[in-house]
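Quick one: this structure, given as structure tokens, is what I'll be asking you about.
The letters A, B and C name the chains in turn, as written, and every chain counts its residues from 1.
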Amino acid sequence: MRHLLSAADLDKDQAIKLLDLAEDMSDVNDREIKKLPTLRGKTVVNLFFEDSTRTRISFELAAKRLSADVINFAAKGSSVSKGESLKDTAQTLEAMGADVIVLRHSSSGSAHRLAHTDWVGSAIVNAGDGSHEHPTQALLDAMTIRQGAIKHPRGKDLTGIKVLIVGDLSHSRVARSNLILLTTLGAEVHVCGPATLAPASLVSSGRVHFLLDDAIKLVNPDVVMMLRVQQERMSDSFFPTEREYARIWGLNKSRLARIGENTQILHPGPMNRGLEIDAASADSKNSMVLNQVRNGVAVRMAVLLTLLSGEAS
Amino acid sequence: MTGNYLLQGVTITTGEVRDVVIESGLIVDKASTGTSHEVMDCSGLVVLPGFVDLHTHLREPGFEQSETVASGSRSAAAGGYTAIHAMANTFPVADTAGVVEQVARLGEDAGLVFVQPIGAVTVGLKGEQLAELGAMAQSKARVRIFSDDGNCVHDPALMRRALEYVKAFDGVVAQHAQEPRLTVNAQMNEGALATKLGLGGWPKVAEEAIIARDLMLTELTGSRLHVCHVSTAGSVELIRQAKARGINVSAEVTPHHLLLTEDLASGYDPVYKVNPPLRSTADVEALREGLIDGTIDVIATDHAPHPKESKDTDWASAAFGMVGLETAYSVAQQVLIDSGKSNFERLGAVMSSNAAAISGLAQQGKYLSAGSAANLTLVDPKDSWDPKPQTLSMSENNPFTGLKMQGRVRHTIYNGQFSYRDLSIMQRAGS
Amino acid sequence: MTKRTVLSADDISRAITRISHEIVEANQGLENLVLLGIPTRGVFIANRLVEVIKKHSGVEIELGSLDITLYRDDLAKQPTRGPGVTSMPAGGVSGKTIVLVDDVLFSGRTVRAALDALNDHGRPKAVMLAVLVDRGHRQLPIRADFVGKNLPTSSKEHISVKLSESDGVDEVVIES
């Protein structure tokens, strides 16, 4: 594996191998000394053109636990806003010795572009590109689902597990990467959201439901993944009001009572409490949100390790 | 230079092989006795009316790092063009007599191709207030085509007024059909691929809705409409029906929309980012059919040079547009001739005479009629070649790079003089 | 390529028995003693040592495994190998006497990595090293406390330890 740009870069075996490695990394995170010397002397650059403290911190911790040096470059408010391009910024950072560039960018395909031009030679990890993909998020979700659903998860796929993704399917990179990865791993993935936010090409797949109540009844999901609602979708008239969204697509007490007792609730965070998820659901025993955060570090350790060890070159 | 040429054994559009004689810049039926001619062996070459491009972005004034009238003229001559239409989206915008006259003069100075300016429909292309269309029409630049290309004249009342107003001087409004509200953040053709790539979708209806509306307005006003860069099967059908109803509409298609499809966006290389976007294979088929059956009148390049930095970036930040002057003929040959579906007469019409008629260029598109100015293009249909990013244009955003092309322009004769000869550009026509 | 068997199944069994006695002798009372095998074959040898000691001393020594993959100094040159299993005794390693167990001692780099790895799990009172075969060619100042067999080799030769748990047979072979 040279880069991680899309969940589609991973076939089933590779995905399982990464998840297993993440389980090993997770064990390290449970130790008193949460650190491995493996990537000593390597430099990981977090190049973030968009704010995302959570993702950035998670990558930072992952790199540090593997003893890599970490540089955080928040391009917002820096020279980039004065017109410095992705190319120049990336080249500058590589000239400083970056072995891996972890890229978050508002433009879809930017990670792919960085990896496939002659701009830089570093390994590239896509940490979210526009409304395209966020593959490490999908990996951490898959890891969480696998742990929650399978007693001895190592080596296993997600066959037979039904996942319902709820929210903005048009613009969500989390939804896109999950759709790809969870399907690769054998899960049965359904999606649910306002028709304005469900691309026609998805609808034709037959696993799209417009109303959450219908979806819960029809799918009887093992996992419900709630996507974060972006405020600007409302101002662009994709749906009328927050109230209406919460009423039809929000996960609330009454819906919580209707999903299975062991159904996992996932959310990529940060949550809009009271909008896509209410407090009762967010704080219920079904909520896997903190497991997701924990697994995020482990998954990113596994990804960095895989990119920087022998197989990459 | 005598300006007297005898083009020996050239194939004309009907397929007949004969000699073509040029004397003092004009086509003559027979070589005059007592006149000396430079005799050129043209066996294997096809002579066509000098190409006329209705849609060229020359970028000057204002964006001379992308292209100048002179560099664009060189690229045009190398592509077989004897006339090009300079789009109005320069800086300052070509919305006054002064700017269009300046562009026309720069064209004369370059001396390789006739440069006919297009005037903006609205002041500053802003879509708010009509520009002084009459002044531009009556200026030395003699503007007949008006376009806000790059922007759509989306206000229906303003579009109606523009159509009515240009009737007074036999003008035509060339519409860039793009409903702006339906294309907010649009980056590529809407569909499964755009969803997969996470790029904002550009629905076909954004083009078709404007065309449908404009056709009705044209019918209402009894005016003349030209539709720029038609890109969808639905647009072709709308225009086909309108023509059948007798609405005075003409339409153009670009070489890239005749050849390339949306899947090229998969690698996120912005060299394939263009407005309107590359569409599906079904759209390409419909466009080809429309071109062959007469629904679409013209192949126009929409040659849109951009400096490297505008394309050497991520997709969303990159500029829309592709160069195309030097590859247009090869695409036309592929679609019309090599496909076996049409012929060189049609090719001459869509590459030259139809455009000349739309713009009212008396000296262009006349082909071999005796006494007319010799504006001719000689092509070698058998020459296969590989386009390179570097052309005579100043810009390298060439989406045809890496494709095998069949058929190539060998010579271009502008006003009786060679502007491009044996694959080499002249300083000026005749020098 | 020539193959030469240098230790038979009996030789291996005798060597393990001898090491077990030496370990008992060196650690009076066997209290606070932990055997940590280095995957893969070090774990099998550690298992056997625990069994043998239990038989002749009646004491069941604590057993664990210590994977060193992520502590190697040549990771970037190797294909990615998922780390093997690390399992620590319930009481951890702090304050204990640790005997690291591996099949072959060669450059010493594996043991160096194991010492680093061990460090991250706690602070043992003492660390000792038991190996089935010591073939020389050390690149680091490391020596074994308990050696089944010293085998002088050329650095070009390859030593292959086969154990029934993983290879279906007990033998040590030199390939050259």
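Throughout what follows, a contact is a pair of C-beta atoms (placed from the backbone, for glycine too) under 8 Å apart; a residue touches a chain by one contact, two chains touch by 3 or more.
Quantities reported herein were computed from a predicted structural model and do not represent experimental measurements.
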- prompt: Given which chains touch which, is the overall layout a line, a ring, a star, complete, or other?
  reply: line
Query: Would you say A-C or A-B is joined by more C-beta pairs in contact?
result: A-B
Message: Quick check: how many Å separate the C-alpha centres of subunit B and subunit C?
response: 78
- prompt: When the C-alpha atoms of subunit A and subunit B are each averaged to a single point, how far apart are the two points in Å?
  reply: 46
Task: Could you grab the centroid distance between subunit A and subunit C? Build each centroid from C-alpha atoms only and quote it in angstrom.
output: 41
Message: I need the residues of subunit B touching at least two other chains; which ones are they?
response: none
Query: Quick one: in the complex, what on subunit A touches subunit C?
result: 17, 20-21, 24, 27, 31-33, 35-38, 66, 305-306, 308-311, 313
Message: Under the stated contact criterion, what part of subunit C meets subunit A in this complex?
response: 70-71, 75-80, 82-83, 86, 116, 119-122
- line: Residue positions on subunit A within touch of subunit B in the complex are 85-87, 105-110, 112-113, 116-117, 129-133, 170, 173, 176, 199-202, 236
Task: Quick one: which bits of subunit B touch subunit A in the complex? Just the residue numbers, please.
output: 184, 187, 191-192, 195-201, 267-269, 309, 312-317
